[in-house]
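Below is a structure I'd like to ask you about.
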Amino acid sequence: MPSTILPESLISTLPGHTYTDPAYFAREQERIFEAMWFCAARATDMPKTGSFKTVQVGSESVLLTRSRHGNINAFFNICRHRGATLCTEPEGEAKRAFQCPYHAWTYDFEGKLIAAPNLTKMPDVDRVEYGLRKIAVREWLGYVWVCLADTPPTFEDTVLKEVVDRLGEVANLDHYEVDTLAVGRRIVYDVKANWKLIIENFMECYHCATIHPELTEVLPEFADGYAAQYYVNHGADFGPEIKGFTIDGSVGLDVLPGIDEDQDRKYYAITVKPQVFINMVPDHIIFHRMYPIAADRTIVECDWLYLPSVVASGKDLTKSVELFDRVNRQDFDACERCQPAMSSRMYKDGGVLVPNEHHIGAFHDWVTEALA
Amino acid sequence: MPSTILPESLISTLPGHTYTDPAYFAREQERIFEAMWFCAARATDMPKTGSFKTVQVGSESVLLTRSRHGNINAFFNICRHRGATLCTEPEGEAKRAFQCPYHAWTYDFEGKLIAAPNLTKMPDVDRVEYGLRKIAVREWLGYVWVCLADTPPTFEDTVLKEVVDRLGEVANLDHYEVDTLAVGRRIVYDVKANWKLIIENFMECYHCATIHPELTEVLPEFADGYAAQYYVNHGADFGPEIKGFTIDGSVGLDVLPGIDEDQDRKYYAITVKPQVFINMVPDHIIFHRMYPIAADRTIVECDWLYLPSVVASGKDLTKSVELFDRVNRQDFDACERCQPAMSSRMYKDGGVLVPNEHHIGAFHDWVTEALA
Amino acid sequence: MPSTILPESLISTLPGHTYTDPAYFAREQERIFEAMWFCAARATDMPKTGSFKTVQVGSESVLLTRSRHGNINAFFNICRHRGATLCTEPEGEAKRAFQCPYHAWTYDFEGKLIAAPNLTKMPDVDRVEYGLRKIAVREWLGYVWVCLADTPPTFEDTVLKEVVDRLGEVANLDHYEVDTLAVGRRIVYDVKANWKLIIENFMECYHCATIHPELTEVLPEFADGYAAQYYVNHGADFGPEIKGFTIDGSVGLDVLPGIDEDQDRKYYAITVKPQVFINMVPDHIIFHRMYPIAADRTIVECDWLYLPSVVASGKDLTKSVELFDRVNRQDFDACERCQPAMSSRMYKDGGVLVPNEHHIGAFHDWVTEALA
């Protein structure tokens, strides 16, 4: 509890140590990122049987690979024998199996132990029990979501519920047919700030007038400081002179055919806790995944998704991508500017949220409960 | 307590862990550097209304700025809203106010909150209560001293008492009129050693014969190993052939007009705990400020101060500056050479002080009491 | 204890945290590397009176020097006065004594305090009591072994016992007259892995077929996965076409004259816990010393020792050295590949040892007992 009584207009943020303490971060890794559904990769990045990617989920290295049945499997990226990292490349194509380069223990794409030196002399070593340790997987929106928990929460009660809370119903996102889109551009940001600062930033628009001149040009209502996330299913209107969601308001790319009339000329944003942000505009989707690395460092991978025909055509995406790339850089600069103060005695009880930001308090409650 | 009984000639230093343990250093930051008067900056570095400097005091970033009334104010360098660092530059000129680059909360040079988006809709947010958090300030010797404590100790009982203990009376320092001098040269040293090693080194001259050949040439009595700080108001005499306090004993710059006859051809040194060293010679002042950064790292900023007319004349200061610059480098090398041993089992109970160094024991007692 | 019941073919390794936890490593430094005999340097690296070397033993800097009597002394590399590091160079030649560069305390090659400023005024400071703190030394196989313990264990019950356990009797090593050999080549490896991973790797050959193609070509039985260390006094036979222990099986250098017939065309390996590996082949000795630096970093210094006449002749040693240099790099890559997994929840209870590796369990028991 803050030590001072705040005026009614203000509520307090989390205390400073929650943004800096390595022990607190370790608990977040365990109770949040390794316990909940985590969006790990774009499924099309693993196009064929044997295509693989290694990603960090919480504190663990996870190996994703497409099986002979076409689905994607996820495993702890660790040989069951002596713990060698199975794949050290970020991505690639495995031929027939994954073979540990230390003692040649070999696993098929379902994770089963299929060969090892002298294995026949160890008949009591079960091929499945000593196969790669499996991780729960779910494909949605064309992304691979994994859950490292022994007993994952349901996808409906967690990920999908975030969409319903924000848009009223999942159908309002389905219209964009995100799973059918192609990656037109991907940018990876290395942000020297705690992941919660990034979420808080994404959740409010009180800063928009100050740091996002290009965005408020396109979405004039943002100048008032109310986030698109403030009202259920609210989309921010494009300005009257704006032709598309581009850096200069010029016309964008081909509109996604499934969206409904309400969704045309509008911008929507969803925060899917704990680590995904989705922005929807008529002609593309901007999809952010955060990978928290340390209390003061977060990798953010951002995809710009367009109709496959747009990407295949080779059309120039620069003006389209530049708008939110600039927004991202402006936001991440702000987050990095806040990180040092988190360890100040001035921030021991946290900072304050103004009325436009009070909804961030629910996020803080969610974090606190998740760690309780 | 040391585990062995020492011969009477020797007393022990602080135990090794006090020079290496991050938790001990954190306590020093809290109980010493953030609790006592700390010399933060030269006042003339902020010449005009709106001139500002950011400095680290203990673990905190402090913003110093000159107000419209001409005095200097000090604030925690943190926006009261969400904790963004207000100024990230080390120094500069603010036009009319300090505006937080995140949400545009704006503060005047007295720290008052004068504007923020939607602030009029938050009438219960007090402009002073939610202004920048003020820090106690005192100008002395032309430097800005700050104290982060809620209830600062008196300047007289602490800083000035150090001068009296050393020189008998403050008047003996006043003669140099340090506040009227100009910075002829500033050198910043990044020393990989604990701040206490640097103080201990400055307090004794038992090492002078070994590592300071140039200094003992100018001040022959230093070859005997007795520090100028050993007797109240003792100044070390220049050698008979020495014309000035310069690297080769050649004539120095214009003598400070206020000094008395006793102070001519003499060198005085004062340690103002916890982080200032002042050296007085007839024609200049050498003024050191330490900024402890970590248990094993200290930034030392050293000013060479001369009559403004000397600095304005463009006279060559090289021979004057080089003498103590060399002394500094010799001393800091020695301190860095001691740091690694502080974690050895051989230093668990500390090292030993010979009779010429016994007065350092009082410094150790002071540190121990400050942390008790 | 592991939480799951293992099949009989498998036994578990140490739990993951023993390879990553800085506190566990600190205990290993104290109870193992600073408590047992530690092989610090090759004696011939200090050829003359006053030759010195500084080496890290556990967490301590140790100064080795050859005295006027020809023997080698070892001291904590710390001045007894204020803790300055006496020698900061890795090796060199001291003229008459070691003089501390801070206050000129001066020690002879036996460590006795022979001079210091004003020392005559401190008659109660004993020259031996305040001499350099001595460390137990033993020369064996031409190497300097030190023990930092106040009461060292006997060399016979520890170091020599390892040789007896492995070779049946010390005589089987004596035949190689290792102390008479010359260093033909020295390579230093900086391995980003815990020292125990390196020992485990050295103790088993289950990985040989996978990662050591050149070695298994020379020693075909290694392809079966049984280490030379598996049976008492077992040496691995060279393949029938193999002429010498070289990268291509070509003829090696001059055979060591003392070895017996059984030792010709054979490879032997000994692990001398906690930090030495010795490989014996007919024409040379490969001698590894580990210097553990951190839980996840170990420096390995490896000497290739030949007859002095071979080294003096300038004969090309490339093919001879390249074989085990490659083996080393292959092994250390494998160890580095295991290190990251040590902190995974998958390795919380450790990995598993197959029957060919069960003897590593005795090493794990030894570590556990040493720290108990």
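Order of writing sets the chain letters: A, B and C. Residues in each chain are counted from 1.
One rule holds in what follows: a residue touches a chain if its C-beta (ideal position, glycine included) is under 8 Å from a C-beta of that chain, and two chains touch if they have at least 3 such contacts.
Since we're looking at a predicted model, the values are computed, not measured.
The touch graph of these protein chains is complete, with an edge between every pair of chains. Because chain B and chain C carry the same sequence, their contact can be compared by residue number, and under half of the numbers here are used by both. Inter-chain spacing, taken between the CA centroids of chain B and chain C, is 47 Å.
Chain C has no residue in contact with two or more other chains. Residue ranges on chain B touching chain C, taken from their complex, read 7-10, 13, 16, 200, 206-207, 209-211, 225, 334, 337-338, 340-347, 351-356. Across the interface of their complex, chain A is touched by residues 34, 59-61, 76, 78-85, 88, 101-104, 116-118, 121-126, 130, 133 of chain B.
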